[in-house]
Structures are given as C-alpha cells and as structure tokens.
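To keep things simple, chains are lettered A, B and C as they appear, and every chain counts its residues starting from 1.
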Amino acid sequence: MYKTRRQLLASAVALTLAVGSPGLALGAELEKAKVSYGGSAWLSHYPVWVGMKKGYFTNRGLTVDWKNFSTGSARMASLAVGEIEFGGAGSISAIALMASGTKAFYVLAAPDSYATVEGIITSSDIKTVKDLKGKKIGVPFATSSHVLALDVLEQAGLDPNKDVTLINLPASDTPSALRAKQVDAVATWTPAFNTLKAQANTHVLLDAKEFSLYKQYNLGPGPDVLIANRSFVDKNPKTTTAFLDGYFEAARFIAENPKDAAALLTDLTQLSPEEQLAVLKDIEWIGRGEQQKIMTAGGSFTKGLQSLAELLVRYKQIDKAPKVDDWVKTGLMQ
Amino acid sequence: MKSNVAVTDYGAPERASSKGKAQWPRVPKLAISLISCIALLSLWEGVTRFGLVEPLFLPAPSQILNRAMLMNDQGILLGHVVASTWRVTVGFLLASLVAIPLGIFLGFSPLSRAVFDPVLSFLRPLPSMSWIPLSLLWFGIGESQKYSIVFMGAFAPSLLYVMEATKGVDPLLIKAAQNLGAKSKDVMIEVILPASLPQILSGLKVMLGIAWTCVISAELVAAREGLGFMIMNGKEYFQTDTVVLGMVLISITVMATDLLFRFVEKRILPWKA
Amino acid sequence: MEGLNQIPVIQFTNVSKSYGPMLALNDVTLTVDEGEFVVIVGASGCGKSTMLNMIAGFDEPTKGRIQIQGKENTGVNPQCGMVFQQYALFPWMSVEDNIAFGLKMKGEGRAQRRARAQEYVDMVGLRGFEKSYPKALSGGMRQRVAIARVLANNPGVMLFDEPFAALDAMTRQVLQEQLVRIYEQQRKTILFITHSIDEALLLSSRIIVMSARPGRIVQDIPNDLPYPRNADVQLSDRFVELKRHIWDSVQAEVVRSIEIAA
C-alpha cells in the first residue's frame, strides 16, 4: 500500500515536470540544469535579472538562482570557492583576485560600458583638478572611483599621498559627506553621482571619460565583467553557453526596450521607473557580436584590462600585475 | 602569662591556607608552549607551501612575514598599529573616565539607578557598528568619530561592569566606614571605589578587548589607516596575507596592552599581591 | 544610684524589634551609664547583635525608644564605634591608614592623623606593622587594628560584636587582657557581646543575660570582681560563684531554645 502510493507520487511528479516545462527536452542536453548567480542592485547585473523575469534562461532549460551580495569582494570569494557559478564584478576586484594568484575563475564577457555616471564631484569653489591640492576627497577605496581619482590626480601632477587627503567612504555615504562639508570632493558613481549632480552648490569636476585608459581604449576605470567559476565552465560548457545566450538576449532586450526593462528592474533596484529609465540611458551595452572582438588576446578590452592592472601596481594597490589573458575565456559564444 | 584557665574553644580557626593544586614547574610549561607554537607554525607553513591550501584561503606564515616586511619598508605598518592603538586608548579612557564614577554612583544609589535604567537598557544591546551612521553625522569623518565609536561600544558594558563590581562590595566594609563617620560621598570614594577596583579593573580588561572590536568596525568607514582599515582593504584586494597580518597585529597589540594593564594593576593594587 | 541627675549614655525604653513576622527582641528596657563595661551573654539568636546594630544606628527599633546620650539616632551614629567579629578592616589600606580612617573623615590633616595613629598602634602593640596591609596580619593582629581604629575615632561608646569569637584560645586571652587594660586606662562606656561566660566575667563591670528568642533581659548582674584584672581572676572563688549563677540561667535558656527549635 505504502509502496504503491510512493510510486504513484513519483510518476505524478515526473508527469508534471514533463508537461509543465517546455524546455525540458532542451535541458536534457545541458550538463547542469541549475546555476547560481551572485549579483546586487548594480547595473551590470541587470541582464541576469531581466533574463530571469523574461524566461530567457528557463526556455534554454536553465534555472538561475539569484544570490544577493552587497560587496563585490564577497561575491568573488564565493565564486572562487564554487558556491556560486556565475557572477558580475568590477574589473578592479577581478584583477585583485587574479593578483592573489587564484586561477579559480574566468572572465567571460565585458557586457557594459558607462563613463558618464561616475566621476568626481566637488563643492562649487573647486574648478580644476589642480584646485584639489590640500583638499579632502572622499573615495570608496578599492573601487573604480578610487582608481579614477588616483589617475586624474596623477594626470594633473598631484601626489595622491601628499597633495591631497583621500578618505575611505562607502559610495552611498559620499553625498551626505560632501553636503555636510566633511570633504571637499567625492569620487563616486551612480546613484550617488546622479544625486549629487542634480544638487545646487556642487560641481561635476569630471566624469570617467577623463580616465587615461578611456582616452586610449574607450575603457572606464571600472568596467564590469561577467565571471564564472573556472572548473564549472570547463566541465559544463553547454550550460555556460546557455547562460551566455540568455544573458545577451536579455542585454539586447534592455537596450532595445528600455521602458519595459525599467519596469522589470524596479523591484531589484528600488528606483522609480523614471529614475530607472534615466540610469539605463547612461549605459552602453556591448552586444555579443562585439564581445569576441574585444575579448581576444589583442582585443581592446583585454589590453585595457592589462593596462589597468599595471596602473594598480603603480598605485601600490596590488603587488604585481597578473597576465589577464590567462583568465579570459572566449569561444563559448557561437 | 598564665594560661591555666579553661577557655572554650570557638572552633573557628584562622582561615586555613588552602594548598593549590600541584603546579607545573615554570620552565617546562614555557618550553611546551614554545614547542606547540613552532609545531603549529611548521604545520601551517607545510600545508600552504606544498599547495594543500591555496594562499587565497590561508597564506603561509612566511608569506605573512614577507608582507609585514614589505609594508614596513613602505613605512606604513607601524602607522596602522599606532593609529588603531591610539583610537582604542582615547575611546577606552574616555569611556572608563565616565563609566567608573557614574557606575559607582549608580551602584550606590538605587534611586538614580531607577532613573538611568531605561537609558542603559536601551544602549546596552546596541552594537558599536550601529552607531557609525549617527557618529558620522555628529562627529564628521575625523578622529573624534573613531573615538566616539570606541566610546559607545565600551561605555555601556563598562558601566554595567562597574555597577556589578560595586554591588559586590562587602556591605560590612560600608557599615564600618559609616560607623567611623563616613558620609555618602566618603563611602563612594574611600570604600566602594577602592574595594571594587580589582573587579573594575578585570572588567576593564575585558572591555579593552571589546574596544578593539569597536575600532575595527570604526575603521571600516572614513579611515585611511589603522588595522581595521588594513584588514578591510586587504580583503577588497584579496590580499589574504595582509588580512591575516592585520589579525596577528591586533592580537599582539592586545596581548601587549594586557601586559601593560597587569603591570598597572599591580601598581595600583599593592594590597592584592 | 549615683547618676540620677546625669543623662544615661544608652537608654532602651520598651524596645521591641521584629523582622517580618519574627520577633527578635521583646520589650527591652535598659540603662547603661558612663564608664560601664556591659557584657551581654545569651544563646544564639537572642537578639544581642540586633541591640548593638540599633545602638550604632544601622537598624531601628520596631517599637519603643533608644536614646544615645539623650538623643535618638537619625542614622548611623559615629559616636558608637563598633568592633566587628570579621574585623571589617579596609584591605587596601595600611594598618596606619585603617586606624586613621575616622580621623580622616573628621577632616584632620595628614601629619596629625599619622601621629594619632601611631599612638594607637603603640597602644595595641603593633609597632613595626604600620605600613603592613591587613592581608599580611594574623587574625589577632587584625582585630587589634580594628580596636585601635575605633579607639582612635574617640567615640562615646564602644560596641563589640563577638570580637574574639574567630580567634584561637591563646590569642583571645591576650586580647582580652589587653582590652581590660585599655578599659582600665580609658574608662570608655562599652557594650560587648559574647557567648563565653568566662569572657564576660573577665571583662565586664556588669553582665546582662538574654533569653532565647524573642530576646528579653533575664538577668542583670553587677560584676564585682576587683580591678585591675588579669586572667588570674578566673581562679578566684567569687569568679566561680558568679559563673555558676550565670551558667544556670543561661543553661535554662539554651535548653528552652533547643526545645523551640525542635
């Protein structure tokens, strides 16, 4: 009696699965039908969120489990130990993890570019970078804005250790610190950047277009990268490709239908639809067609990333520059 | 003197000197600790050197030493230690300076205890981290903000320690002092303070450890030096050796302050020896 | 009576004391005159300590009135210096500072305190231990410091709450003789509690025997043993006679208290 009931239950479940998910036939080809993605409310994670909502992963037989991490370093550490398979990260965090010597991850893609939502904002009396001499600058340390500040100070001939005082502030605290005149300038990114930009008595000193590598490679100080656990990718190439396919389908959807995408994203970012739309306008999505080109050994992204690594060494943020090619994985996007 | 008088014995002898348990001889104990220390370090070095553990998860002791020398050459190592130690010292001393007199007063006066109790009960469970946003608004991003975090983390528990210590004072001593003409103020200063000082000091020793956890959280925000900053920055750059070095330095600094504390304790409590 | 026109040092008028439902002391009336050495004996729990605590102002009577030199206590009364069984020395103070504590409370200067303390250190025979901490002293020495501490404060009345009970027999005898000598010199009014009839007879000028709980006065006996006294007085016939007399009444009370307990 008991046995029969259990058997009955099992076949019922199998039946439901077979009928209920049209992707099952496809899913059978994938090595793994379920992956975890480490994300946050930051814009580089939008494609995964939209892809999940639009079913771009499930119709490829892939279930994506969203794990929220508030800091990039925590997300990357989890990815390196294999607790999550995919994740988004800032390139500085990725370079730092490479510099630590761990080979446990791949850089798969550089999905977005933005240079106008990050920069340095000052109190209105500071008009040039040189005016920053002797001033206090609030900067989230170990981030793209930190590197941007170091870079533009150097371009202006100022010593970041002697001529100015850099103070470690989380990006979200930069508006209040500048408003309370606790610092004379902040280097930060959106939404803090956009908030401050809209305010009176502040002055946008520069945005990320002033970054030396932007001028050379069209690369902002902190381009985002899509990363994945190395051994997972090696063992599960089909799953990885399915994930990338879903990812870039979603990125294209966002680029082509910003209004619809904004509506899907508000529950992730807690922004109003208008604010969300404004953020989307500042992002340039790099489609899958271009990825192959920029990610190869001689590609602009790889070269830019290598230069960024060397820049970090020069600013004593990391000890030695890793050879970033060793971590870049191309050829998974047919 | 004659002692041929029958006097009843009261049977309450002088306090019998209790014999402690057999103690390890001093030198072997030290030697054993030293050997265990070396063994642990070699094991650690071994597993990391032969690649059993990736350096990202646990760097070898030699790598940590290298990092220490590198940072020393860069001239930043001592700065981190001094910055944090100074913040702990200032915040902790301020907390003690307020908590000791207030705690003695509250311990002595049930009425004022009733007045302060709601405030204290509210403050006590708040972790020092939770004060960071407010402290930034009140004190800005300078050093006083760091002191305030240490102060807020150490103050309420210190106050409770002092109150507990004063409640533990033998009431007979208070009785004796009053009997000799001591007023309330005299009882607090001349009896409760010195009588509870040993407990207060051992409580403060615990608080010193808590003050260190506070300074680490204070240095997460708006700091550019300090061991907490060093650890957080190391974490952001996946420099596990820097992280572990920071931890080692905290431990060493706390041990050193503990020794200093014991020395001071001996000086202020000669009657305990 | 010699001092009819004189205010008694201690006056109990129909004093009762209860702790909750428990009656500790029942309707005690007692007058102690200047210079008397009154020893109170009685079984455990007869309210002897309660009497001392009320005199010192640590406690208040539930009923009746206690006057010290004509005035009722309004709090702890430093005029009634207490020597406790557990010494109650301040462990963080040297012998000298312990003895000078009362003087410090009176606001006397450091030099004067030190000179006075030295006087009492000598009186109780502790020269050479001025700078020692109580921890380094034997029980007998500690109690001598406690006695000196009260003497130095020069109270009108000295109260002793079984002060020698925790000491060994030899030490106790030394201290008893020392206390008799101090009494002979200073003629302080003293109230002294003990279990020991021998101690009572050796020290007192008057012995009060208390009943078992609730405490009442059952005997009030003048002790006419001649001064100066030392331990030898315990061999005299009068001593033995008084002892037997007191023992009989105490024994009756002890038996009664055992019966109550059972």
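As a working rule, a residue touches a chain if its C-beta (ideal position, glycine included) is under 8 Å from a C-beta of that chain, and two chains touch if they have at least 3 such contacts.
Remember, it's a predicted structure, so these values are computed and weren't measured experimentally.
Colleague: Which chain's C-alpha centroid is most distant from that of subunit A?
Modeller: It is C whose centre lies farthest from that of subunit A.
Colleague: What chain is most central when centres are computed from CA atoms?
Modeller: Measuring from the global C-alpha mean, the nearest chain centre belongs to B.
Colleague: What whole-Å value do you get for the distance between subunit A and subunit B if each is reduced to the mean of its CA atoms?
Modeller: 42
Colleague: Just give me the whole-number Å value for how far the CA centre of subunit B lies from that of subunit C.
Modeller: So the centroids are 46 Å from each other.
Colleague: Per the centroid of Cα atoms for each chain, what is the distance between subunit A and subunit C, given in Å?
Modeller: So the centroids are 85 Å from each other.
Colleague: In the complex of these two chains, what residues of subunit C are touching subunit B?
Modeller: 56, 58, 76, 78, 80-82, 84, 86, 88-93, 101-102, 104-106, 133-135, 138-139, 149-150, 153, 165-170, 172-174, 177, 195-196, 198-199, 231-232, 234-235
Colleague: Which part of subunit B faces subunit C closely enough to touch in the complex?
Modeller: Listed in rising order, the residues are 1-10, 12-15, 170, 172-173, 175-183, 186, 190-191, 194-195, 197, 269-271.
Colleague: What residues of subunit B sit close enough to touch subunit A in their complex?
Modeller: Those in contact with subunit A are residues 54-57, 70, 74, 136-137, 140-141, 221-224, 229, 233, 235-240.
Colleague: Tell me, which parts of subunit A touch subunit B in their complex?
Modeller: 73, 76-77, 80-81, 93, 96-97, 99-102, 104, 138, 141-142, 165-170, 173, 176-177, 180, 182-183, 316-319
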